[in-house]
Amino acid sequence: MPYVNIKITREGATAEQKRRLIEGATRLLVEVLGKNPATTVVVIDEVDTDNWGIDGIPVTERRRSEKQQPN
Amino acid sequence: MPYVNIKITREGATAEQKRRLIEGATRLLVEVLGKNPATTVVVIDEVDTDNWGIDGIPVTERRRSEKQQPN
Amino acid sequence: MPYVNIKITREGATAEQKRRLIEGATRLLVEVLGKNPATTVVVIDEVDTDNWGIDGIPVTERRRSEKQQPN
Amino acid sequence: MPYVNIKITREGATAEQKRRLIEGATRLLVEVLGKNPATTVVVIDEVDTDNWGIDGIPVTERRRSEKQQPN
Amino acid sequence: MPYVNIKITREGATAEQKRRLIEGATRLLVEVLGKNPATTVVVIDEVDTDNWGIDGIPVTERRRSEKQQPN
Amino acid sequence: MPYVNIKITREGATAEQKRRLIEGATRLLVEVLGKNPATTVVVIDEVDTDNWGIDGIPVTERRRSEKQQPN
């Protein structure tokens, strides 16, 4: 009965991509720890880039200067 | 000074229902542990059904096939 | 399939008290929102009083000066 | 590589105020514990006042009776 | 720069199993969303079975009656 | 009434350092948003280095190869 919470910036993840995150996280718990998928919960939080900071600055600012890099 | 976080799928909970969750969770902490309600915080997160998974699939899909069951 | 997280200071809650928190929180979600108890998860975190602050000071210090009050 | 989560009620915090929260929380971890800012993450959650309770009532109701006080 | 939190009951997960959870969750975010692994954080919380409830009862009790089933 | 959660690896933070985190985080919310310190809660989680991963590997392993760098 694990609980997995995935927090990502809100930058256009599709329903299909979120479905794959849910499926993949559930399978990971089944494969590594033998957990029961029927009671494995995955919750995805999408956070506005103004509300997510790294290195002391919001992702909104970071994106302006490094658009070409992965995130 | 407990902190209670309730995560539910966003499926139309009303302000009145959320008021009852806040009231009930606070009373529970007072009754069971003698906590001070004045510093008991309850935060409710409503999560899109695309972003909540159980048994490896999003609730959005689950709802399609089991509309008649409780959740 | 709600998820409830209850954070309290680690100050001697018994297994029986925690059982009552789990039971009460689950019943609350069933009564207010008609949720399915079989997939309702409750997780209790007990936090050391050095690691919990309110009003800018750790609960450890707060307890010294207000031992007689509820919390 | 600390992770800081700040939850506040959604009551009009500006992008600039959120930038200052991110900057300040990151600096705090650097100054107090010598953490590396480059891997320090700050996530701000803004929560509707219907979904945040204290003293057993939603902030929405609380605001009606105490508009003049700080929160 | 995603943040993943995995909560499981404390029932003997080994350091190697936790290493595989960290590796697998990170790879999932890279594969599905193209995230940068260098700033992807995974935190595993192991929770005592007295402190985790499902269906209104602590896992400690549940384990007694269903030892043979997966979890 | 903000709620701040600070997660750090368990690597010997002292009670005094944690007191400074609590004090600093509370002051930050007061200064930036005018929040009331009396209802501002700070919770610090210290996480074992086996249970914290970045770049796909546990901090335990990372520490072996980079002992001299800040974290």
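Couple of notes before you dig in:
Note that the chains take the letters A, B, C, D, E and F in the order they are written out, and that residue 1 is the start of every chain.
By definition in this document, contacts are C-beta pairs under 8 Å (C-beta built on N, C-alpha and C of every residue); 3 or more make two chains touch, one makes a residue touch a chain.
Since we're looking at a predicted model, the values are computed, not measured.
Both chain B and chain C derive from one sequence, and where they touch, over half of the residue numbers involved are common to the two copies.
Chain E maps onto chain F through a rotation of 120 degrees [Cα fit, steps of 5, range 0 to 180]. Per-chain Cα centroids separate chain B from chain D by 21 Å. For this pair, chain A with chain E, the centres built from the Cα atoms lie 15 Å apart. Touching of two or more other chains is recorded for residues 1, 3, 7, 25, 39, 41, 43, 45, 52, 54 of chain B. By the definition of touch given earlier, these chain pairs are in contact: A-B, A-C, A-D, A-E, B-C, B-D, B-F, C-E, C-F, D-E, D-F, E-F.
Residue ranges of chain F in contact with chain D, taken from their complex: 1-9, 13, 17, 20-21, 24-25, 28-29, 31-36, 39, 52, 54, 59, 69-71. The touching residues of chain E, when paired with chain C in their complex, are 7, 45, 47, 50-58, 60-61.
Of all the residues in chain C, the ones that touch chain E in their complex are 15, 18-19, 21-23, 25-27, 37-46. Per the touch definition, chain A reaches chain C in the complex via residues 1, 3, 39, 41, 43.
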